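Heads up, there are several structures right after this.
Next, two complexes with chain A in common: one pairs it with chain B, the other with chain C.
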Partner chain A sequence: MRAYLGIDLGSVSTNFIVLSQNGEVLANIYLRTQGNPIQAVKKGLLRTKSELPSNITISGVGTTGSGRQLAGIMVGADIVKNEITAHGIAAANEVPGVRTVLEIGGQDSKIIILRDGMVIDFAMNTVCAAGTGSFLDRQAERLGLPIEQFGQLAMRSQNPVRIAGRCAVFAESDMIHKQQLGHSMEDIARGLCQALVRNYLNNVAKGKDIFPPVLFQGGVAANVGMKQAFEEALQMEVWVPTQHAVMGALGAAVLARRKTTDSAKSNFRGFKVSDWNFDVKGKQCHGCSNCCEVVEIQGEGQTLARWGDRCGRWSEQIPMQTA
Partner chain B sequence: MEVVVSPPTDKDILDLGVMAAEQETCLPVKVCYGHILTLAKNVDCLFVPRLISCQKDTYICPKFMGLPDMIKHSGYNLPQLITPTLNARERRNSWPHSLVRAARELGFSRRMAEAAWYQARQELSLYRKKLQQGHTPLDILFSRCQPDVASDHNLLLLGHPYNIFDEFVNMNLINQLYRRGYRVITPEMLPPRLIEQKAAKLPKHLFWSLGRLLVGTASHYLEEGSVSGIIHVVSFGCGPDSLVGELLERRAKKVSQMPFLLLTLDEHTGEGGLITRVEAFLDMIEWRHVS
Partner chain C sequence: MKVTFPHMGYLYVPVRSLLNSLGVEVIVPPAISQETITLGTRYAPEFACLPLKVNIGNFLEAKELGADTILMAGGVGPCRFGYYSQVQREILSDLGIDLDMIILEPPQGQWRLLLRGLKRLTAKASPLAVYRAGALAWAKLKALDFMAKEMHPIQAREAVRGRTMRAWKEMVERIDDADNTKAVQEATQQGLALLRKIPLQTAKDTLKVGLVGEIYTILEPAVNLDIERSLGEMGVEVIRSVYLSDWVVTNLVLHTLHLRDDTEHYRLAAPYLNHFVGGHGLESISSTIEYARAGIDGVVHVAPLTCMPEIVAKSILPQVSMDEDIPVLTLMLDEHSAEAGIKTRLEAFCELLQARRNRQQTCHKRNCDVPAQCREGFTFEGISRN
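Then we have the complex of A and B:
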């Protein structure tokens, strides 16, 4: 049976999805990247393989996320796509007719506006990462709460406190202040969710027309407190898709399926890549005063790709596999 | 006398500028500091004009007005500064007047200075003609050309010249667009008179000259509909552009349903973030073409 693999190599999590020809999810893996993207890809491939029935052949691979090039080189991708397009495609695929996508991931957040199944506008957070997954993680840890319970706790609050959400650092000091005044944990948790939603709507979604249906995806969408805060602020229903945490990977798989239906052969190197030795070498180029940091990826002793140079002196020696 | 021009921006120049300039200034001012300090090591005299206005009834960005003073008080050991005030806002001949006077202070005769001014004007108008034939300044400087692509693959690139034509600061944006198969149109390619006409249609007089350039150009191409999308490049924290950008974005998106991308640059801008946004923007445009 033909199937398509989507990989989203993000800063915080690395996700794998395998889609069948008719769009059924055959495997779904969510891993923490933990600062080691190569290991995450290898581990993910191994786990994906073990979850798949033996009669599956991978006929196409798509990669996305901030590490999309690395993942693409490692596995031999048929398409390498940015995460904005991948998330937009996945949302339109999951809920045809969706008009707004709110996406909050580990270190970035974005809004995607669609009309008639087409992306017409988008924005991504620029200078501030307040409200992203990493920040919530940290605050939950500081309150001594497992992040999974954070949303539930917020839902129990009757009197949310107002927390300054303009800046992540100040939000934290404001939270500490509110704790010291004696406010309850749930009121602070809900107040924080509201502050982060305000920050998102003012910074990322600034000036965008938010119309229903609204999808909320990305790792943070698992937080019911955040979903509720969005619903309150937008005064409309917000949907969290079942695959919310792996929507980027889903989009990459959908793109791979589109890309390889006509062309017969996939570039996929096979699951054996999980046993390969990958080596990353960094070196500074002294060809000019820019002193670019060039990265070289080797797999099984062979140079697979180089990047990081501004002029193409190193990267163009090896043809890169891109979309 | 030999004229030395600073090299294209590179990592050293940017680092030098970021260290030396006031924290609160925008990226172009920091880059400018870097260039000035790089030049300062090798010259006897630095030409840092006080640029106030390039055309009647307009102002250039206020940071240019303060530049000579910022430099003077930066605490660095600098060679002699020549800082003629260039202000065409009220007096049309302020530029030649001030420049000729500056040249005379350096020991040149009035005749020589006026001849130089005249020659510079001629060179400038030749250069402008080339720009108006559809070349970017980088195409002219490095003898490159625009990619040969389908006529509907045109992008309008708006921004202050020192941002959109500095390949280091914008991480090779124009080349990235070329590589993806787009021709790049910039405000310099339209006759200034046409831009003026369009900008004059605003309900209120816009007195920032770079803002007029952007608004006038955008209006022209939105009316003509001959571009597939607009990319607006701004420096983080740019005051005038915060208003002009909003105006452009509203007109493009709400009035003309034109794809519009705002790219903000500062010294922390990573190449990854820029590439992701540009790629997604081009995907969006191509998606439209398909359906």
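Then we have the complex of A and C:
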């Protein structure tokens, strides 16, 4: 049976999805990247393989996320796409009429506006990471709460406290202040969710027309407190898709399916890659005043790719396989 | 006197030529690097816009190479650039750095100040030599702008990544080396020949993206993270709204003579903005409208963070984008050094432009009833093209 693999190599998590020809999810893996993307890809491949029935052949691979190039080189991707497009595609695939996608991940947050299944506008946080998953993680830790329970706790609050949401640093000091005044944990948790939603709507979604249906995805969408805060602020229903945490990977798989339906052979190197030894070397090129930092990826002693050079002097020597 | 000046794209070529022919010794600052930006941000006020900081970095690095005098342009606002030279002089003197500053104030302000600045530079030259120096520098500037325009469509179609960029570097060097106007013409012809030799992909209908915004961020690749090259190498043809030679004609020549050639810009922008807001704020709006009507696929708007004229433009552009039906992506640039973030946004933006174009070509009308088949038509290859 033909199937398609999507990999989203993000800063915080690395996700794998295997999609069948008719769009069924055959495997779904969510891993923490933990600062070691190569290890995460290898581990993910191993786990994906163990979850798949033996009669599956991977006929196409797509990669996305901030580490998409690296993941693409490692596994031999047929398509390498930015995460904005991947998330948009996945959302349109899940809910065909979707018009707004709110996406909050580990280090970034974005809004994607779609009409008739097409991305027509988007925005991504630029100079501030307030309101992203990492910030929530840290605050949950400060409150001594497991992040998984954060949303449930916020839902119990009847009387949320007001926390300044413009800047993450001040939100934190504001929150500590409220804590010291003796406010209950759930009121603070809900107040924090509301602050983050305000921050998101003011910074990322500034000037965009938000029309239903609204989809909320990314790792933070698991937080029911955030979903509720969005619904309150937008005064409309917000949907969280079942695959919310792995939407990037889903989009990559959909793209891979589109790309390879007619072309004969996939570039996929096979699951054996999980046993390969990968080595990354960085060096500074002194060919000109740019002093580019060139990165070289080696797999099983063979140079697979080089990048980082502006002129192409190093990368040209090895044709990329993802073209 | 060893004169230095701030970098702005290939501005150093005509300025060095001008000063050298006037018999002035020139120290060109090292190309802007991460080190330059770090130096500048260390000593400049945090909320100043990025060009001021990078200028300071240029001056300090040129000082290391032995420069003793800075040549800097002045201004009369409302853009903060008018204050740059004064603020920079204060910063340098606070640092105890002994650099003399020649400020060329624009004639809209005071003729006397401009003449005083020019007199110091031209002291050693006869009127004929001054004319010749000006003519040569002007020829070089025109040639570079011409080559840049010629380069954009070729870069978007090059068969091997980086070939156009390599040819461009060679062209700049040749024009830089030319020591009379005839040699500049020859260098231009040689440059064109170089460009024509670049192998191209087979006939390809490329996306066209207009680049509008603040002049320094548009012209200086080290500051805009090489946005033109990134777009070009993704297979997108860049239509740049600002060329240095046009700017010189409009602002230094025509406005001084109280003539204008920018009435068309004012006319186009009028429904949204009918007042000069400094810099290229008004032109960002009028150029976006112009591009939309010319059938350009989309517009990328760049500016340094806290740039007042472009903040005005930024708040108006969503309305223009809706009225004229052209997607606009605004990028506010600061001390970012990661190209990846910018590339992600550019790629996603071009992707949506490509999807739009596919749909327009399939359906020939905007409100199509069968979007599914258009959705499938993704052809934009983005950074994985090469």
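Some notes on this structure:
Heads up, the rule we're going with is that the second predicted complex is superposed on the first by the 320 of 323 C-alpha atoms of A that agree within 3 Å, B and C clash if a C-alpha of one lies under 4 Å from a C-alpha of the other, contacts with A are read in each partner's own complex, and residues count from 1 in each chain.
Methods note: contacts are C-beta pairs under 8 Å (C-beta built on N, C-alpha and C of every residue); 3 or more make two chains touch, one makes a residue touch a chain.
Remember, predicted model here, so these are calculated numbers, not experimental data.
Following the overlay on chain A, a clash is recorded for the pair chain B and chain C.
In the superposed model, A:Asp121 makes contact with both chain B and chain C.
Shared-chain residue A:Ile176: touches no atom of chain B or chain C. Looking at the shared chain after the overlay, A:Val280 reaches neither chain B nor chain C.
Of the two partner chains placed around the shared chain by superposition, chain B and chain C are both touched by A:Ser66.
Using the contact criterion defined above for the overlaid structures, shared-chain residue A:Met1 touches neither chain B nor chain C, since it reaches no partner. In the superposition on chain A, contact of A:Met236 is made with neither chain B nor chain C. Set against each other, chain B and chain C differ in how many residues of chain A they touch, and the higher count belongs to C. Common to the chain B-facing and chain C-facing surfaces of chain A are residues 66, 81-85, 117-122, 124, 126-127, 207, 289-291, 310.
Per the touch definition, chain C reaches chain A in the complex via residues 30-31, 33, 160-163, 165-166, 226, 229, 305, 318, 327, 332, 334, 340-341, 343-345, 347-349, 351-352, 355-356, 359, 368, 371-372, 374-376, 378, 381-386.
Interface residues of chain A facing chain B in the complex, by the touch rule stated above, are 66, 81-85, 88, 117-122, 124, 126-127, 207, 288-291, 310. Of all residues in chain A, only 66, 69, 72, 79-85, 92, 116-122, 124, 126-127, 207, 255, 258, 289-291, 310-313, 315-316, 320, 322-323 touch chain C in the complex they form. Within the complex, the chain B residues that touch chain A are 10-12, 168, 171-172, 236, 246, 249, 253, 257, 259-260, 264, 266, 268, 272-273, 275-277, 279-281, 283-284, 287-288, 291.
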